[in-house]
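A, B, C and D label the chains in the order they appear, each numbered from 1.
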């Protein structure tokens, strides 16, 4: 059997599949569907400094093979997260990858400083797909300077044993350029892709459906975009681990990401269809790797760049 | 809460709706009125569809009944299934109606297919010695559901339609107001469109009755992980929060839901943009 | 009934629906399915100066609610097009919107000069989603300077009575920025969106499926992305006509584009599913506009920016 | 060429394949062997699937038969249809086999479901007085199709399987070589996997016979507008072009297809990158 363990930037996880930020809350609700310790870990909904109400409803629209969401990072804030959610995961031995989000570079730094004292944080995912209130609402992830300042500050304020993953947005002209600058700023790896910006209009009222007007598109519809982005980043930074995501529904989908250069995968939207999808995808992926003769996941990482199976 | 492949036992047209029944081993045991089931539809649609559980029998391994209004592609796909087809279901989900601890007279109000969860509720209330009157309303006669069955499980049934094509012409709040005016009914249970729930909550409050309302918000996951299904609800601490209707609902106390603000984030909500601009 | 005619940058067309470049060849093959004179017009496959073989097969992969293609602009070259295809359309009274593509700014200029003498060209669509061989293969449409030089040259070399539409790529950080620069360079309107770059990997061979490695993603999967792009460009340039496209399958889909700011629409990939889709979509769209009380298509253009139906 | 909603008349399993038949008014009239039909599948898959037309009867308004190998999601969906279901079809498409003007003896070679278009071809050849021998090959017995029917429409049938589980063990080219060695057969017709078509073309050429091959390339549109289905074919002028197999094919003369270069753009192709670098 293929060894299920994967090592991401020096930290070992039990398996190659994770939940995706915002698609598993803080894990608890999925525990009724599968054993959270069997997968790589839970990537939490992005946490901010303070409680946040999110956007007005409607917050979602189903689209062909996908969905749009405009949740607006609703959450309880870091204090409540540390008091309630992180201990729940830690007590059960579930690996916690904490996603953080901010509106200013300083807010990310603050969050990192607070998490520094938390031994139960296995890794940090830095969600930089947020509007930078100090830069006309331009999304951090869409600008080389903003993206790298956030990463730089988070890296400076995080213990060196805890890797930080920059969560990249596909809504840029060159994802490789953003990745390179984040890597130079200290990112130990990348999570990609975040949702891509989309919109739907109600054909009766002729108004945007979402309370937030535009929203993030996710699900199988965007999978080919996600695989391409992973491919491009692995091409320029073949030694940097990638947590790949975007429309993964099956082990075969996950294998596409691994072959394109991801070391592990997150299952997001498809968890709404099948709450045990993260574990199912992991089992299917391991089965496929085994059939193809890989002793470990890492052997298969980026194999499509090296001529595939021979 | 169980996720299972369920065999469809029957699909039967009834006016504007369809009765569907499917085998659901194990689910019936945990069922209480107000719970819902989330059903996966065809490959082209990745999100599940939510339906109130109309009834759950524990016989023959367990079966669930739902009422489906074929509105969009997912529900239309569902009502085209035939006996023997397999669907994937997750149930029971959500917070059910809370039952009174005393044998008090209750009023149950259902709009359209919203009567679905009320039959079992009526049975359980009567089993506790509660009196049960049911108000069944709809836009027109075709969209009235379950009047006959309502009679079987209650002491009295009141029927209203907007166009007068069946029962009394008017809104469910017309008979509700008359019944509550008797001053005997401390508890109201309602399920139906949001506007109806708001009106029922207001009339109940007016007469000092406690209303429990099963709301219907657009849901992506149904299990509490996505945060799409929220509405502004006032907590025990008096603070308004955007609360998930799939896990903290679908049943809420009518006086806790800020009905007029549904679809907005009121300025005084915990963590609202306004609250944060300090 | 809603008046079917639309005017794009001063030129009137019989209806609001067009074929999409590359999804209708030069029109002939679709004539067996519907009357080409009933729709707005035929947007031809992008024509280049010389014959072109395109990429190796496989050239397509079906994806969830979409497809990837890497045709590589196979075509007969402008001479053959003018000798065979354009006259065929003209003789039948079919409005021809000629799409042109080049590898250098000068190639686009040359194409424009050649088309200048052709009275049967109703409008020119400038496909700038091609690699610029003079700039390390960077796609023209992804760079403000390259995009606007092409548009500037084509505008200079085209008769002022023939509008030119810049065909925009969604694969940029800011579509509004590209649109503004193309407009300043002389674009009379925009066609949008072109496909978005994607990729799929064969899970047996673990190699990219497409002969071209990456390919363009199209179809309903990308519709929310397309509607958002149209919305953003109409927001900054409300008076500039947009030919909207990306996953349009029904009149309802088309109406989303019109409400977001498109003056007319192209039906691309869905023509492969239903060869008469352009006409069907047009009829459905006109029916919906009529039900909603619009006397003309133009009344509905961008209505979602103005509060929708009231 | 007609696009129509067609009612499925029957779906019947046959070894590894399924026979499907559907009502198709008007289509049968234009049908000639080698034509294909493009069928729309479920909503989750936007591209049509192509199938050789096995036979077309003009009786009862017209019906088409196809043989489906349930390979991926679209074909699996198709074979799960039942009589009475409606599918959207476009047919007849493509260039059919050309028939000889003289009554010459012909060899027909089918691999797997590739025999599908050969039965009607055999009928039409015999109607013109041509002798017909059919070679039916497959990987194993389960994937052999139509041996019994082949006997009905021909003078002789030769069966091969790769594993010897039916007929003679080996490739279709083994009996083909023996037959052509008789020196009597100027015409070969073939349909099946690309590797088989290449081998058939080569053997035919060796014996001076003209091979017509129905190829199978991945198609997005099937009607000539997308350019996905191309392969390198040498024209009358000796120039290689990337040619659409849906409109200029699927039937090509075997000696015109550059079999070894399928999946590439040969350097001397009209408009190839190399040809342009001058």
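Definition applied: contacts are C-beta pairs under 8 Å (C-beta built on N, C-alpha and C of every residue); 3 or more make two chains touch, one makes a residue touch a chain.
Predicted model, so just to flag it, every value in this text is computed and none were measured.
Undergrad: Among all other chains, pick the one whose mean CA position is farthest from the mean CA position of chain C.
TA: B
Undergrad: Using the average of all C-alpha atoms in each chain as its centre, how far is it in Å between chain B and chain D?
TA: 56
Undergrad: Using CA atom averages as chain centres, what separation in Å is found between chain A and chain D?
TA: Inter-chain centre distance comes to 47 Å.
Undergrad: Would you mind pulling out the distance in Å between where the CA atoms of chain C average out and where those of chain D do?
TA: 35
Undergrad: So which bits of chain A are touching at least two other chains?
TA: Residues 64-66, 219-220 of chain A each touch two or more of the other chains.
Undergrad: Residues of chain B that touch two or more other chains: which are they?
TA: Residue numbers touching two or more other chains: 44.
Undergrad: How is the touch graph of the chains shaped: line, ring, star, complete or other?
TA: Chain contacts: single closed ring, each chain with exactly two partners.
Undergrad: By the document's touch rule, what are all the touching chain pairs in this structure?
TA: Chain pairs that touch: A-B, A-C, B-D, C-D.
Undergrad: Which residues, counting only chain B, touch chain D once they are in their complex?
TA: Within the complex, chain B contacts chain D at residues 42-44, 73.
Undergrad: Can you list the chain B residues touching chain A in their complex?
TA: 1, 3, 40, 44-48, 88, 90, 217-218, 220-231, 241-242, 247, 262-265, 269-273, 275-276
Undergrad: Where on chain A does chain B make contact in their complex?
TA: Chain A residues touching chain B: 22-25, 29-30, 32-33, 45, 50-60, 62, 64-67, 69, 71, 74-75, 77, 211, 219-220, 269-276.
Undergrad: Can you tell me which positions in chain A touch chain C when the two form their complex?
TA: Touch residues, chain A against chain C: 61, 63-66, 68, 142-143, 171-173, 196-208, 214, 217, 219-225, 227-228, 231, 247, 252, 255-256, 259-260, 288, 292, 300, 303-304, 307-309.
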